[in-house]
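The two complexes that follow have subunit A in common; it is paired with subunit B in the first and with subunit C in the second.
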Partner chain A sequence: MQHAFAAALTLKTDAPCGVSPARFGIYRNNRLSALIDALSAGFPATERIVGEAFFRAMAREFVAAHPPCSPVLMEYGADLPAFIARFAPLAELAYLADVARLELAHTRAYHAADAPTLGPDALMQIADTSRLAIHPSVSLIASPYPIATIWTMNTSGEPAPIEDWHGESVLVLRTNMAVHIHTLDTGAVIFLEQLQQGVTLAGAAAKALHDAQDCALGPFLAFAFSNGVFTQIL
Partner chain B sequence: MNRTSSLALAGSVAAAIALLSGAANAADMNSMGEMEKCYGVSLKGHNDCKAAYPGATCAGSQKIDYDGQSFKEVPKGTCTAMKTPHGMGSLTPFTNKM
Partner chain C sequence: MPLPPSGMPAGIFLHMQAIPMTATHMLPPGAGASFKPAHFRTIAEQAQPVAFFEVHAENYMGAGGPPHAMLSKLRADYALSIHGVGLSLGGEEALNTGHLEKLRILCERYEPQSFSEHLAWSSHGGEFLNDLLPLPYTGKTLARLCDHIDQTQAHLQRRMLLENPSTYVVFEESTWDEAEFLAEIARRTGCGLLLDINNVYVSAINHRFDPRAYLNRFALAAVGEIHLAGHTALTDQNGNPYLIDTHGGPVIEQVWALYAETIACAGALPALIEWDNDLPEWPALLSEVRNVDAILSAHAIKAA
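On to the complex of A and B.
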């Protein structure tokens, strides 16, 4: 009965035996629109870029291909960026999957666990061999497209032509109970990626300064230690 | 004693400390954390809380874009500089213009 019910929910079969088809139809429709609404709430910039009609039609396809694995709706949509990347009608909007990734990271940062953070004082205590634990809300999204600019225009601003079309790497972070995004330069991205992998500070700095041109880590360290990027010296 | 002897790291840490120790920067840092309620700037579903609707719940419940009754927490001093299709952000709730 449960299998038949679940199969019928995903529009594969008719209403299961013993259930009024009309009432089942209402339930099935409510479930679908609740899932689409959840995606719409989680990916507002993506929706604004493609338009509501397109977004809802795409979300319908997504729901059919990726039914939720968890009863927690706020976790729904983790596969949407990858779905968008493969979704043929969106082939021309190559940047959209990365914008969706940014939105997913934003939602995750919002719900991530709390952790005590390292303040500027900790700059005096770090050593070459220190490793730093990174705040649970932190995500790093490196994109060949100006995703921070696109996201900002489609959430708090007005879309406008982007004259300087270049890749942007975005740090998503919750500071003081609010989620913020920050663009990072290449050196800071390499440095943070190394730290995420558990490399020591000296090792991460050496790689960043070696791989990135004109890289100055000072401003990033100042930013990171005053915005709670790190939680612990290991 | 300087504990960061790696050339790459020591320079960066010194630069970071220099950046953070300036008095002006310290003031910036303090105000960075301060937020204020800004009405009429958030998009539907993106408000932090609702002000005045009876029976209203809270964050994320806004039904229309740039609702004058819903606020978003924004960094202090930035609210009234935010441009929306209906004018600037407001520090107090206002009635939506049709």
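On to the complex of A and C.
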């Protein structure tokens, strides 16, 4: 019985025998609209960029292709950025998938585990050989598009033409129970990626200085120790 | 030694001998409110005249962050009901033990006064269907539900409450009346019941039965909590009214009347205002909570 009901609910078949199609439609609508609402709550900037009607139509197709498998809906939508990247009607908005990746990282940072963080005084205790544990909320998103600028305009600001169209690398991080995004220069991104991989401070700095043209690790470390990027000196 | 609630025959807790049920596993018999993060700041500013708060379990299954910080603060100041919406107790398939374990961890962390779930199913074939779906009431579904509830209560090491659903379809193969089906589940498993009076009203209009007759058959002695909520009234293509359980507005007059009649029979019980959609500012929700208080006060005066 439930197999047929579930197939009809997910629009694979008509309403089951003996059930009023109009009444059955209430269940279909409840399911679909609640799933679309969940995606809308998780991807507000993406929705604002494409508009509500477009977003809901796209979300409907996403739900059909990637139905949730867990009752924990805060995890739903992990596949949406990749879906957007392949979604033909959005081919001209090449940056949108990266904006969606940023929003996904934002949600994950919100729910990430709590951990005590190192404050600025810990700067005195680090050595070249130190390895640093990174806060569970941290994500790095490097994009060839100005995704931080676009995201900010479409969440707290007003959309406007972007004169200086260039790639942005974004650090997503929860500090004091609020999720923030910060743009990083290339050197800081390489440095932090190296630390994430367990490389020592000296090793990470050497790689960043070698690979990046712009590299100001001192200010980045001061920023990182004031904003709770690190949790432990290993 | 845990005692069955008064009015229930001894020996009812056949499966429940190992499950502790103490006063800490009971909500206070006053008015509670759904907790929504949008209200947190206002609620935390000053003590609120609310006997308990209720949250959906699945919204607190992340690892950390603001949801847990808010819930910890709330739990420190108020009694708590954790209400699951994703366990699929009425499912034909085996229970999702991973999800059950997440519920156990949540109950262990917050020690809520109540844990409740639904007479419904919501997962099938590895897919979460994101709605509380209806099932036929037969000997077979009864046995399966009782097994799932036994498993849940054993895993959580606590008595749970099972909520009556709002439904839009009924099944010809049903051989049990819903209220009697719920009473039998409570009798067999020792679980308590969560009586959602708005759900009774919604189903009564949708399936053209008398909500008072349903409530007369309901095992009120097993009820550990009442839910009250708003719904949306629509008309079908034949001009017949039907209701959708939207939790997006105030409780209507008829549901308040059924609530007052229910506590006249059952006595004061914890009663929750559910409000999940089109969320108003906190004072609007609080004014619904005060309506519950007013009815409870009137009942107390009459009973004295």
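Following the convention adopted for this analysis, the second predicted complex is superposed on the first by the 229 of 234 C-alpha atoms of A that agree within 3 Å, B and C clash if a C-alpha of one lies under 4 Å from a C-alpha of the other, contacts with A are read in each partner's own complex, and residues count from 1 in each chain.
Rule of thumb we're sticking to: a contact is a pair of C-beta atoms (placed from the backbone, for glycine too) under 8 Å apart; a residue touches a chain by one contact, two chains touch by 3 or more.
These numbers were taken from a predicted model, which means no experiment stands behind them.
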First (subunit B), second (subunit C), both or neither touched by A:89: neither
Which superposed partner A:69 touches (first subunit B, second subunit C, both, neither): second
Partner chain in contact with A:176 - subunit B first, subunit C second, else both or neither: first
Which superposed partner A:159 touches (first subunit B, second subunit C, both, neither): neither
Touched partner set for A:114, first subunit B, second subunit C, both or neither: second
Which of subunit B and subunit C A:226 touches, first, second, both or neither: first
First, second, both or neither for A:51, with subunit B first and subunit C second: neither
First, second, both or neither for A:21, with subunit B first and subunit C second: neither
Common interface residues of subunit A - those touching subunit B in one complex and subunit C in the other: 177-178
Complex contacts: residues of subunit A adjacent to subunit B: 40-41, 44, 120, 123-128, 155-156, 158, 175-178, 201-202, 205-206, 208-209, 216-222, 225-227
Complex contacts: residues of subunit B adjacent to subunit A: 3-6, 8-9, 11-20, 25, 29, 32-33, 35, 41, 43, 45-46, 60, 73, 82-83, 85
Touch list for subunit C against partner subunit A, complex: 58-59, 61-69, 85-88, 91-93, 96, 99, 102, 121-131, 133, 135-136, 168-169, 171-172, 206, 236-237, 242, 244
Residues of subunit A touching subunit C in the complex: 1-3, 5-6, 9-10, 18-20, 22-24, 26-27, 30-31, 34-35, 38, 67-74, 109-115, 136-137, 174, 177-178
